[in-house]
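These notes open a run of structures that come right after.
Shared between the two complexes below is subunit A, which has subunit B as its partner in the first and subunit C in the second.
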Partner chain A sequence: MAFLAPALLFIGVFLLFPFIWVLIISFTDTALTGPSAANPSFVGLENYYRLFNASRWMRAGEFGNALRNTLFFVLGSAILGQAPLGLAIALAFHRKKGLVRELVFSVATMAWILPDVAVAFAWIAFLDRDFGTLNAVLGAFGAKAIDWYFEKPLVAITLFNIWRGTAFSMLLFSAALGNIPPSYWETAEVAGANAWQRFRDIILPLILPHFLTDLILITLWTFNTFTPYLITGGGPFFRSETVSMYTYRVAFKFLEFGRGAAVAVVMMAINLVLATGYLLSLRRGRAWR
Partner chain B sequence: MNLVRFVILRLGFVLVTVLIGTFFVLPLLWLLTAPFNAQATLRVEWPSPFTLRNFGDVFRNTFAIRALFLNSIIQAGGTMLGTAVIATLAAYALSRLEIRGRNVLVYLLVLFSSVVTGTAAMVPIFLLLYYLRLIDTHLGVILVLTGGLLPTGIFLMRDFVESIPRSYEESALVSGATPWQTFRDVVLPVLRPGMMVVAVWAFVNAWGNFLIPAILIRSPEKMPAPVAIYSFYTEGGTPVLTLISAYSLLYAIPVVVLYLFVNWRYGFRFFGGIKGGGK
Partner chain C sequence: MRRLLGRLLVGILAASLVGLGLSAETIKLTVTARAVRGGVNSLLVQWLEDVVFPAFEKWMKEQGKDVEVEFIQFGGTDEALKEQYALDLKVGRGADIMGFDGFWIPEFDAAGLVKPLDEIVGPEVWEWEDWKYIPPSMREILGYKGKVYGLPLGTDVRVIFYRKDIFEKAGIIPAGSGIRWQPRSWEELLNTARYLKKVLPDVIPLQINAGTQMGEATTMQGWFMVLLGTGIHMYDFDSGKWYAKHPGILEALNFYKTVYIDEKLGDARTQLIPGARARTFELFRDGKIAMLVEGDWFWRSVLAPGSEWAVPNRNEVVDWAMMPAKEPGAGYRGQNFVTISGGTGFILNPNTKHPEEAWALMRFAFSREMQLEFQKLQPRIRARTDVPVTGDPVMSEMAKALLPLTTVRPMLPGYPKISYEAQLMTERVVAGVMTPEEAMEAYAEAIKEIVGPENVIEE
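What follows is the complex of A and B.
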């Protein structure tokens, strides 16, 4: 149908084509400046060798370092942070209405939709060692001031990303809980089930597929997010550099597109493995029911 | 005994709610106090002396104001139009076509778009636009953003489309309307709320995006607000906090307004997707 054509064109040109092209570029020494800028040549797997060069892999500013940071970042902020917190908020306000719910949902959603740069500056102020609100609050409870940027940069961006992204999980779970027929609750109440039993026997099985969907999306988004760069710049000394910042640095600071493309290919491969893994467990979960 | 339990549970609930609410509010406070403070620091404090001069100073920076009120609006507005129109057409076509596994197809596309957008795709996208001579153009930014947002836009739009009874269209077709007329006069009016939601969502995404214009736009007169904000640094490289906070606030206001509008008009929640996601 003609209605579909523009979408297919767009998706083809801006999603599928780059996906294939990036593979090709990763085997060349394409660059924007220097001798290879005019006519790039085929270099085989060299870009990949450099990426995985074992002798320097884990050093500061290298790919391994970025990968390890990303692992911590994704695990901490998406899987252990956003998903459980989002579920907790959705459960706490399930079948409730009123001002408190409205306020919590609105503020969390604001954190999610405000522009990257605006929240980045707000967080730079929030995390500041001497003037920041976070240290002021911790100080009120007697804690020592922490220099978040120098001492705990990775924890800082993880905290930021929990704040930034929880709204998605919250909204998704709250919609999922809303889809559970009210009769289920009534039956459970009549049967005298307590809160934990209700959670385990009614809520959990029904939202499990949504939980996996949520995990897929937030994992991929967190893996690819660039916003923390606006807070720490990957520093100090690459201690909070994630893979997406690494790609940016190689490709757009050093303008070495061949190498940048190789990182991008590895990134996409990891993403595809993650997505496939989740999708398979989603299908298995469905077969059980 | 039961009463004690009830009170404890109730207090616990209130405490946890307050904690969570505080966690989401605190980082934003600075954006509300610093812009009105003549001597803003990174501290959240009652503005003293209170002033509106920071905004006056921001408005004197013609480069930044042009970025906010012209370039950002062109780029986010273009993306909004493109995404809403194309996603609506595609979602309609997909729901009326008898293809097996089309739900899976849309779902896979959404996944794929989150794999491919972001920094990983920036290398080929930059080169693609370079060869198309679209680097440093508004159109380039709009096309790239639209391409990245489309799959999710279609995903959001799908449930709106599927809620329209087919008998509407059939009766239009029987009375001799062409497919395009049917779409324009019968389907489109019903789809307006859905298009609004997708449009607002696309606008907010494009408006806040830093990475894509940062890579694709080179000349100052085409830079949007998220890139132009970095002009509020001194030559020594320290941020001028009064101006940065005032500009950030101005830049954030459209998003807040759109959120309030959508929340008031439709209720901010997931309309569709959730059905397709789980089943």
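What follows is the complex of A and C.
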């Protein structure tokens, strides 16, 4: 126990205390400016009520709208985008060496490790209606210019996030594939298994736990990411506002930390539910094996 | 070897102590504002760094004080600067002198983040003999509840700026005739826009600020300018209540709907994209917007030589007109034309370690001599009565025509939040997601939550 004390103290100070503190101020009208900044008072569940006020929950700029956008964003960019794409790249270069592999892996990893602000600027330029590279390329094929940020802001940040985060899934799957003993492939070859059979009977069962780990991590990351704010600012008219942007806007627009804390608590709860769900399925997956 | 190291250490220690002793005699002051050399409010940086600071440092030296002043440039939006200030002040930090927008004062004062000058420096603030040149109306710009928090750079008015070259090309004004355009009602304004749209389809006829991207620029240059034309203000100064529902609000929203939705006389996209305001400046500079409702700051800073959006032959191609009420006599207080004023200036940071020197710098910068220097760079309506608007007939003319008609925002801590709701209300209409009736309903609901149902007027 004494041996654990420093670690427990660390967790207590840097994790438990802030968490309890956020929980406490979410029941107050704490703010940085205005009358309630000098004398914050207890407001009960009002902050939560405003978050879930049914009469306007789905209105643009409200929490429900942000939650729906986030759902689309996470489903589209992490679950349907990054994970399958990362797996596809890993499989395509499985047991292969050479320049193309190095090139693809380097480029994908680069997209993952570049600083947020630089990347955001690049994407603003890339998707610009009048001068953007993407529209120029589309235009060369005779397609009409698309006003990405104005007409398809949510699609734009979803594409961005696929580009941004695929490297992680790719590296994880490629490591997982590398761990499969070579004797399996030899056996499969002798038995005359085709590519699909190899995938279904060898690869899939062996990488399934990794797949779940990957999904846990990228879902949580995508749910909490803030970088798209640098590109669309959540707009136009809140059409690309995700929950993390909503939290920022509520907390910092008028520096109302009480309301911001309430959103943060709800976000934490959602994260917890997601993580628990995945962990349980991971455990069940192991038991099944 | 060890001995050598020990001696070296002692030496370094001694040297740094001497260094500390020396630098302690130099007083360092910092000043910040939303201004960047060659960018936004470039002339302010020029005035401070090239004129005021060197002269002030010299003046202090003559009194035996070593003072060094540094200007910290801030290139973000007003909203981002306000956020930065709130965070800085809350933790007891920030620049000694801060460029401040007057309407932030009540909100910051209520939170105890800013303090009146005489509480920071002491009652000797009032010993400055130049106060007699700064009239009460100017002191109120950075004042609240009868207290003075800072000194304003001046006040402003709002008008419609239009491109003469476009108007001449469209045949609205005969070229070289010297005739000036001045609409008398909304209908006349809209008819001009309609005609421009027909004759020059590539030009955006009229841009009047809407939406939250523009922040306070929407409330001041957009919402107020339209709403005042219907005969009401956002706030009823007699009863001390906010207008939540009123036929005037609906008329104003319908004006927006006509411009951006029904007839597309303005471009809603430009209002709603990130960086909306800079984008409109750019479009106006490039002759893609014919009419833009803006403050005189737009003339004297945005379009001025040396600015990012400078129009080289500004005086030949840009002119201005007063914003008409809906109909003659239908405006606020029965006026034919409407405008509104605000003002920015500098306040002292309550956390300053050198209140005496910081106040000396403020006084110095607001002396007649220094203000006249600023006037040379950027003529405008200044805070001092002994500093006239010289050198720019356009500025003097605007001041003369519109200062008698102007009004101000209510100086109340709740104003910024209600202002945001007004921006949101216009956004809902110009984005086409709500009808004017629905948007007003949502606005009323929101401001009742902010100030309480007993403080609103519903008609």
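Remarks
Here is the rule we go by: the second predicted complex is superposed on the first by the 277 of 289 C-alpha atoms of A that agree within 3 Å, B and C clash if a C-alpha of one lies under 4 Å from a C-alpha of the other, contacts with A are read in each partner's own complex, and residues count from 1 in each chain.
The rule is short, and it goes like this: contacts are C-beta pairs under 8 Å (C-beta built on N, C-alpha and C of every residue); 3 or more make two chains touch, one makes a residue touch a chain.
Just so it is clear, the model here is predicted, and its values are computed rather than measured.
When the two structures are aligned on the shared chain, A:Tyr149 is found in touch with subunit C, with no touch to subunit B. When the two structures are aligned on the shared chain, A:Phe199 is found in touch with neither subunit B nor subunit C.
Contact with subunit C, but none with subunit B, is seen for A:Ala60 once the two complexes are overlaid on the shared chain.
In the superposition on chain A, contact of A:Phe42 is made with neither subunit B nor subunit C. Note on subunit A: of its two partners subunit C and subunit B, the one contacting more of its residues is B.
Of the two partner chains placed by superposition, only subunit C is touched by A:Ala31; subunit B is not. In the overlay built on the shared chain, the residue A:Phe252 is in contact with subunit B and with subunit C. In the overlay built on the shared chain, the residue A:Phe237 is in contact with subunit C alone; subunit B does not reach it.
Residues 252 of subunit A are contacted both by subunit B in one complex and by subunit C in the other. Looking at the complex, you find that subunit B touches subunit A at residues 13, 16-17, 20-21, 23-31, 34, 41-44, 85-87, 89-90, 92-94, 96-97, 109, 111-128, 143-144, 146-148, 150-151, 154, 183, 204, 207-211, 215, 225-226, 229, 239, 241, 244-245, 248-249, 251-252, 255-256, 259, 263, 268-270, 274-275, 277-279.
Taken together, the subunit A residues at the contact with subunit B in this complex read 1, 3-4, 6-8, 10-11, 13-15, 17-19, 21-22, 25, 30, 85, 88-89, 92, 100, 103-111, 113-119, 121-126, 128, 130-134, 136-137, 163, 166, 171-172, 174-176, 179, 209-210, 213, 216-217, 220-221, 224-227, 230, 244-245, 247-248, 251-252, 257, 260-261, 263-264, 267-268, 271-272, 275, 279. Contact residues of subunit A toward subunit C in the complex are 31-35, 37-38, 50, 56, 59-61, 147, 149-150, 232-233, 235-237, 252-255.
Residue ranges on subunit C touching subunit A, taken from their complex, read 79, 83, 86-87, 90, 107-108, 110-113, 211, 213, 269, 272-274, 413-414, 416-417, 420, 424, 427-428, 431, 433, 442, 445, 449.
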